[in-house]
Amino acid sequence: MQKTMENKAIICRELTKEFGDFKAVDRISFEVNQGEIFGFLGANGAGKTTAMRILCGLSYPSSGEATVAGFDVYKQQEQIKKNIGYMSQKFSLYDNLTTLENIEFYGGVYGLSRPEIKERSAQLVHTLGLEKEVKKLVGDLPLGWKQKLAFSVAIFHRPKIVFLDEPTGGVDPITRRQFWDMIYEAAASGITVFVTTHYMDEAEYCHRISVMVDGRVEAIDSPANLKARFHTDSMDEVFYQLARGAKRTAD
Amino acid sequence: MISVSVKNISKLYGAVKAVDDVSFNVQQGELFGLIGPDGAGKTSLFRILTTLLLADHGTASVNGLDVVKDYRAIRNKIGYMPGRFSLYQDLTVNENLSFFAAIFGTSIEENYALIRDIYEQIKPFGNRRAGKLSGGMKQKLALCCALIHKPEVLFLDEPTTGVDVVSRKEFWEMLARLKEQQITIVVSTPYMDEARRCDRIALMQAGKIMSVETPERIIHNFPKPVYAVGATDLYGLLKELRVDPAVESCYAFGEYLHLTVLAATTSEQSIHSIVQKYQPKNLVIKEITPTIEDSFIRLMNEQNANAENDGE
Amino acid sequence: MKLLFVFIRKEFYHVFRDRRTLLILFGLPIVQIILFGYALSSEVKNIGIAIQDNAHDIHTAQITEKIQSSSYFKLQPAVSNYADIEQQFKNGSIKCALVFPVNFGADLLRTGGAQIQLIADASDPNTATTLTNYLQSIINSYQQQLNPNAKISYEIIPETRQLYNEEQNGSLNFVPGVIALIFMIVSTALTSVAVVREKELGTMEILLVSPLKPVMVLIAKAIPYLVLSLINFVVILVLSVFLLKVEIKGSVALLFAESILFIITCLALGLLISNVTASQQTAMLISMMGMMLPTLILTGFMFPLENMPVLFQLISHVIPSRYYYIIIKNVMLKGLGFGYVWKETLVLAFMTVSLLAIALRKFKTRLA
C-alpha cells in the first residue's frame, strides 16, 4: 500500500463535498500518476472548482479520502500547500511589481533562501528570454508573457504537483502552444500537471483526462481511448455526449 | 445592403494601438465573426461601433448612421452584449428582463416571438437571481436582454468565453436561428473552432485585421498542403521537427502535429521520409484540410515577420 | 414616467438585497447615535480639580461644595499656594484649578463683581474649554441662586452650549453632527458606490447604449437614497428625542425642508464622485476621506472651529455640512426660525445647484 502511494501524485476515493443537501462533488474516485499531465474537464457547474479547492488544501471534503503528494486533505493541508503550485486564469502576479520583484516575492513566500531565489530567478529570466523585461512592471507585459511568467512562478519552488485552472483562456494560438511546451517540460522534469481547460484540443495534449458531469466523474481515460469508446474522432463530440445530459444548471 | 461599415478605424491608448487602421463591411442579415485572442482589439472595436468609444481616426456607420454624429439614433437600433456578464446579479431573471425591456421602451410580450426560443429555456428559472445561474444560462439571459427591443444589429462581445462546450454549441445554434430573422449579428470569439459557424470572419491580432473572408475562403487560401502527423511521443517529435531544415512550420493540434514543409511539391511519401528520420513509434501521416487555426497561426507569423522587417 | 418608476424599483431591489448596504443604512444611524451620544461624548467626568481658597468664607465654601457634588469634577485636597497647583498640574492629578481671592465673598456682595481665577490645562484645548465652561456655569448658577434678581456681571464668555443647554446634556451637540454624517454616508458614499458598481459590472455599458437619457440615470439613482436618507433622518430624530432626551425646539417642517436640501447636496456630491471614478473602492475612499472626514473635523461638531488654525477655518467655509450643521443646530436646539438661517440656506442651495450642474455635465455618454 505504502509503495503504491508513493508514485501516485493524487489519490481520490469516494471524495464528496456537500453544501446542505446539494452534492457539489459526489463520490469521485481517481488517481493521478507522478509526472502525468491530467486534464480535469467538466461542464460549468459540474463541480470541478469545488474538487480542485479540496485538492489544493483550501477546503475540507464532507466525506471520502484523498491524498495530494502523499498528504491527507483533512489533516495535512499545510504540507499540501507547500508541495503544490497553483495558477489560475486571472494569474496571481502583481501588476504593479516588476518581473523580478514578483519572482522574488513568490520565492520568499515559499521559504526559499536568498541565494536560491537569486540563482533560480536568473535562470528563469534566461529561459523565458525576459532579460530586457526584468525591471518592467508586470502590468506592462503582453498577456502571453504574463501567462508564461505566472506559470513559471507557480512552479518556481519546484512543487510536486501544479494545478492550472484554465491557464490559456484568451491567448493567441501560438502563445497557447508555447505555453503547452512549458507544461510538457515541467511534466518531463517530474512535476505532475493537473489542468482544467475549455479548449478541447488542449484536452488531447493531456495524458489522461476525466470528465465531470453533475458532481460525478463520468469518464476517465486517455483521449484516444475515449474517442474510440464514443466512436468519434473529436474530443468535442466526446465531451458533448457526456455533458449533454447534465441536469445541473447552477454553478 | 451594408449594415455595418468600418473605414480606417484606429484607437490608441497612450502609445498602444488597440485598433490599427481597421476596415470592413458587414452585410445586412450577415453573421460576422471577429476572431482573435484577448488584446487583439475586438472589444475596442465593439465599443466604437456601439457608440461607447470615440475612434482616433477613421469613420464607422451602423445602418447608415454615423457612430459619432448619430449616436443617439444608433442606440435605439442596436443590441449589445458586453464581454463581461453584464446583468444585475441581485435581480431575478424576470426582473432583469423587464428592466431592460423598460429602458428600451418595450415589454417582454411585444417582441416575444424573437426571444421565445431562448426565453423558454430560462423561463423555469424566472425567479432565480441572475448571479445564481450557470455560465450557459447567464449567457442566454444576457442574449435575451440584448434582443428584447428587437434590434436591427446585434453586437455580441465574446459571448461564449469561459462557457462549456455544450452551452457554446447551443448558443451558436440560437445565433443561427436569429440570423434567419434577418438580424445582422457581429460576434467576437477567441475560439477559432467557432469561426466556421460565421458567414464571414475577420481574423484579428494586435489591433490589425489579418484577413476578412468566408471561413471556406480563408481555408482555401492556405497556400500549402497541411499534413497531420501522429506518433506515440508527440512532444518529442514536435521538438525534432521544429528544427528540421526541411520543415516550414510544425504545431501541435490535439492528438496530431500539423506540418507544412518548405518544398514546393509534397506528397505523403516525402513527408514520411522527413519524419521517419526521428524513428517515431506508431507513425501516422495524412494530408488534411487546414483549420482556421492553422490559417490564423500562419497569418500571425507573417504579421510578426512583417513587423520585424518594418522595425529594421 | 413609468420608466423612471421601473428604474427606481430596481434600485430599491439592489438596496434591499444587499445585506451590507442594509446594515450601513439602518445599523449605522443607531450605532452612531449611541456612540456619539454616550461613549464619544466630549463631556468630562471626574476631572481632578484643586481649589486654592484664600477667602474662606461661606460663599467659597458653598461653591466648593457645588463643585464637589458635581459629577464632572473630583476635588483634590485644598492647596494654599500657586506652587502646589503647578506641582499637581505636572503630576497630572488635576486638569484645572480655581483660585478664590482674599475678599471674594465681600466683593461679591458689595459690587456683584468678584474676581476668581480659573486655570485649566490647555494641552488639550477642547477639554480645557469644556472645563472652564462647566466651572463658569456652576458659578453662574450659584450666583443666580444667591440672588435671583441679580445681574450676572462676571466676566464670562458663554459658549452656546452652556447658554442653551442648562442641564449640560452633552449629546445635544452631537445630534446635528450625526445627522450630517449619516447623510454623507447614505447619500454621498452609497450613491456613488451604486453608480460605480454598474460601471464595474458592465451594466453601465448597456445603459449607455440604450436610449436612456443621462439625467434619467442620475435621477433614478438619486431618488431611492433621498427616500432612505429621510427615513434615517426620522430614525435619528426619534432616537434623539426618546433615547438621548433631546428636545426639538424649532419647526419640524423647517428641519425637514432644510434636510431635504442638504440630502440633495450630498446626492449631487455622490453622483459627481461616481462620474469621475471607475472603481467602488475609489468611490468609497473619496467619499470617506474627501467628504466624511471634513464633516467630522471641519463643521465644528467634534472640535470647536474657533480652536482650529486659520487655514482650516477658511477651508471649512466650502464644506456644505458646515452650513447644514449651523442650520440644524439653530432650528433644532435653539428653536430659531427661517429668518435666522436664510443665509446658510442660500449658501447650501447655491452649492447644491452648482454641484448638480457639474455632475450632469460630467456624466459621460460614452465610456472614455
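Per-chain residue numbering starts at 1, and chain names A, B and C are given in the order in which the chains are listed.
Keep in mind that, in the parts below, a residue touches a chain if its C-beta (ideal position, glycine included) is under 8 Å from a C-beta of that chain, and two chains touch if they have at least 3 such contacts.
Values in this document were obtained by computation on a predicted structure and should not be read as measured data.
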Chain grouping by contact, computed as though chain C were missing: one piece
Taking each chain's centre as the mean of its C-alpha atoms, give the chain farthest from chain A. C
Whole-Å distance, C-alpha centre of chain B to that of chain C, is 58
Rounded Å distance, chain A centre to chain C centre (Cα mean): 56
Between chain A and chain B, the Cα-mean centres are separated in Å by 27
List of chain C residues in touch with chain B within their complex: 2-3, 6-7, 10, 13-14, 17-18, 201-203, 205-212, 365-368
Please output the residues of chain B touching chain C within their complex, sorted ascending. 47, 50-54, 71-72, 75-76, 78, 80, 82-91, 95, 98-100, 102-105, 129, 145-146
Under the touch definition given earlier, write down the residues of chain A that touch chain B in their complex. 42-45, 142-143, 166, 169-175, 177, 180, 184, 198-201, 203-205, 223-224, 235-236, 239-240, 243-244, 246, 248-251
How about chain B: which of its residues touch chain A in the complex? 36-40, 125, 128, 132-137, 161-167, 169, 190-193, 205, 235, 251-255, 293, 296-297, 300-301
